[in-house]
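Read from first to last, the chains carry the letters A, B, C and D; within each, the first residue is number 1.
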Amino acid sequence: MMSKIVRTMSNFLILVVLVYGLYIIMHGHSTPGGGFQGGAVVASGVALLIVAFGSHSIHENLKEHHLSILKSTGLLIFIGLAFGGMARTFFYNFLVGSPIFGHIPPLGPNPGEMLSGGVIPLMDIGVSLNVAGGLSAILLVMALAITATEVEE
Amino acid sequence: MRKIAIAVSLTVFIAFLIAAAFLIHPFGSPPSQMDDYIIENAQRETGANNAVTAVVFDYRGYDTLGEATILFTAVVGVVMLFRKERRG
Amino acid sequence: MEGIPFNIPFLAVAAMIGIAFYIIVSQRNLIKLVMGLSILASGVNLFLITLGYREGGIAPVYTHAPTERMVLPIPQALTLTSIVIAVACLALMLSMVVHIYRHTGDIDAEKSRQMKG
Amino acid sequence: MHALVTHSPILIIAIPLLAAFLIPLIGRANEKARDVLVVAALAFVGFLVIILAKDIYFNGLRVYTLGASSSILTIPEHYMVPVRIILEVDSMSTFMAIITATVSLAAAIYSLAFVREETGQNRFYTLLLLLAAGMFGMELTGDLFNLFVFLEIASIAGAALTAFRTRFADTAEGGFKYIVISSIAALMILLAIGLFYAQYNLINIGALAQVMQYTMLDKIALALLVIAFMMKLAGVPLHMWCPDAYSVAPASITVMLVAASYACLYALFRTCFTLYGVCLNLVTVGWIVIIFGLLSMFIGVTMAVFQSDIKRLMAYHCISQTGYMLLGIGVGLAVLDNPEALNSYGIAAMNGGIFHIINNALYKGLLFLTAGALFYRTGTRDLNKMGGLAHKMKWTAIFYIIGALSISGIPPSNGFASKLLLYESTYQFHPVIAIVAMITSILTLASFTKAFYSAFMGAELPEYEEVKEVPKSMMAGMAILVVGIIFFSLFPGLVIDWLAHPATEALINQGAYISGIMGGMG
């Protein structure tokens, strides 16, 4: 656990980090970024908390199985969307042209649109849940391992 | 004896790497038949402005599934290694 | 690259991979071995990303794009995949090193039986 | 039914993945449901593999383009190269998939009792399914980068499972060696993929094979690929990790790791025959493979004779048996552009080598499982500490005898059938090879007889008074493999005609593989 200044500041900074992570996740299909990058940013927020508050006090609120559920859910969303195209082929982008995220932007350089890309933004969300949960779990477990604490089943 | 073998094979390996660096296409002008298709058609086919994301989640989405699975595997592995084991 | 007689970026890749292999075969400390592998992974990633560069190209994103000439998108996707894979491997290797340290009290490859990368 | 066959290549990979993602959620709620899910998923995949294999045997190879509007649309309309990831399945792929499906089903059923006392079972089964999915992915894909990705899934899952029993001192070491070797091999493969991409801007195996020029860069890439796959399948100069990893892994996982090393063997064959094919300097490359094979055979078996740890002994035999497969395939490769020699003994040698893969997966798997059964009851792997167990563990002893007879190539067994094919054909290629192969076989028999005597015969030791037969699910896991061995011993001709020979044909016929991707242009 670090000093009070650091803890107060990280309480504030975690919001900024999370908002930035969400921005990167949600705009993956129109600007550089995406699920992996945004998920890593969110996980870096967890790293900030672990450094500021110490791994034990984080572990009291954030158990490993919460993260496990998070990453399983993310991957199930991802593979579910892939199965969704099964009427044609696995991973077929079945939402292009449909009302949900189906808008196709004008070809060539353009300002970009939020509701385009078909399944891509949804897959971004699934992957980001997996990456955020997974990297946080690694950070938390390894931080606990330094103090020789083992994880409950 | 073993050290000499390692040194020789390492030298040969690095020599081949440097040879490859000279033989490869000049930096900045790669062949691009597969990528040109994506640059031209990614917007039309997927509706995503970002061609890299279009490749990651559409054209090579299956690789990305594998990649997400690898991260999942590694996390499950790491957490499994630090689990509480019943003694005896 | 007019004016430069050879491919400096590719030579940098060759140097990185060579250094990494040297570390892997010469170091006995397991953490250093893992670092060598990490450098090897970075070298290969650098190789993939340099393959896709097109002279004067911009990132292949159409949002507010100034020109039509873009670098190749596929190597960037491949590199993204291989970075994540490298991270995953690194995490697992380090946790195994932690376990080896707990059991033997040492991270020297020679001392804990005949460890050889 | 038709739709099921069309989609079966991807379902074989996606169903274990889906089950693996579900296990963390289901396993917390109900352990029984989780066990049922694991076995049901693997059994269903086995069923899919069989219908896919049947379809391919009758109708030829199948492609599956991921994400395209139709699964057979390998190349986008009005374009000349494939852009998307394509699964390409021929008889060789389904042959390997049958091995993986059988072995993983047996391993999963065996594990039900084997790891019942351990913690972390949810993660164990998740990783087991991911390991199976990684192997299926490697075997069914037609894309080099995808091969790399699934190789990594199999490696990481395998390494984590190797270190599963963390209370023992040497498990983390075994797992660490496995992951280090796997990472180096995988990065070398990635480097080779980069070299191909730099020249041809392609990553699809069939499309690359069509335009392969065999330039200097291609030769470097070939060397990288061959060394990388040799590392992964524990060919002799690069085999040091293998006994350490195999001996510390739980027995059911060792069996899976053996199957994973054969998936790498498959990748090596794909590289040599399909990716490069006739543009190689065939005789040189063929002889390199043969020499690797001879070294693996001989050094593996001589090291095995001195081991007292039963699983280390079997691991060295594993190295030595891999040598036989390399031998058969190497002979085939060396005469690939010589139709006369190919027809008179080349195809026979390849049939023998490929038949040996499935035989070895079955009997080596069975032997590792019996070693696991001994460990389960006695708590040791040291042969010197065991003795007189034949009465207490009757079925395990019988299973061990079946496996040992088969691996040593005693006449009625399936091991004899494949070895005979290899002896006959390699003798025509070069007599010395056949002689070394026979000596290896004799040493194998000697070593397994010794192990049998020290574990099962002799005086009953007082500390094993309480030992009894292993639980039913472990017996069932072993029985699956025994049934396979007995079937293959009774009908070797049938197996060669239906499985091994189509696989050989698929490897030799590079043109069919290319035209599967490129259409009429191949």
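Everything that follows uses one rule, which is that a contact is a pair of C-beta atoms (placed from the backbone, for glycine too) under 8 Å apart; a residue touches a chain by one contact, two chains touch by 3 or more.
Given the structure is predicted, the values throughout are model-derived calculations rather than measurements.
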| item | value |
| --- | --- |
| Which of B-C and C-D has more C-beta pairs touching across its chains | B-C |
| Chain B and chain C, separation of their C-alpha mean positions in angstrom | 9 |
| Whole-Å separation of chain centres (CA-atom averages), chain C against chain D | 29 |
| Gap in Å, rounded to a whole number, between the CA centres of chain D and chain B | 24 |
| Euclidean distance of C-alpha centroids - chain A vs chain D, Å | 36 |
| Where chain D touches two or more other chains, by residue | 17, 21, 24, 66-67, 119-120, 145, 149, 152, 156, 159-160, 163, 166, 172, 198, 203 |
| Chain B, residues touching no fewer than two other chains | 20, 24, 30, 32, 34-35, 38, 43, 49-50, 52, 54, 56, 58-75, 77-79, 81-85 |
| Residues of chain A whose C-beta touches two or more other chains | 30-32, 68, 71, 75, 79, 82, 90-91, 93, 105, 108, 110, 112, 138, 141-142, 145, 153 |
| Topology of the chain contact graph, where touching chains are joined (line, ring, star, complete, other) | complete |
| Complex contacts: residues of chain C adjacent to chain B | 1, 6-11, 13-14, 17-18, 21-22, 25, 50-55, 59-63, 70, 72-74, 76-78, 80-81, 84-85, 87-89, 91-92, 95-96, 99 |
| List of chain D residues in touch with chain B within their complex | 17, 20-21, 24, 66-67, 76, 79-85, 117-120, 123-124, 126-127, 130, 133, 137, 145-146, 149-150, 152-153, 156-157, 159-161, 163-167, 172, 195, 198-203, 215-217, 220, 223 |
| Chain C-facing residues of chain A, complex | 30-32, 36, 105, 108-112, 138, 141-142, 145 |
| In the complex, chain D residues that touch chain C | 145, 149, 152, 156, 159-160, 163, 166, 169-173, 175-177, 179-181, 183-184, 186-187, 190-191, 193-194, 197-198, 203, 240 |
| Residue ranges of chain D touching chain A (in the complex, touch as defined) | 7, 10, 14, 17-18, 21-22, 24-25, 28, 64-71, 119-120, 122 |
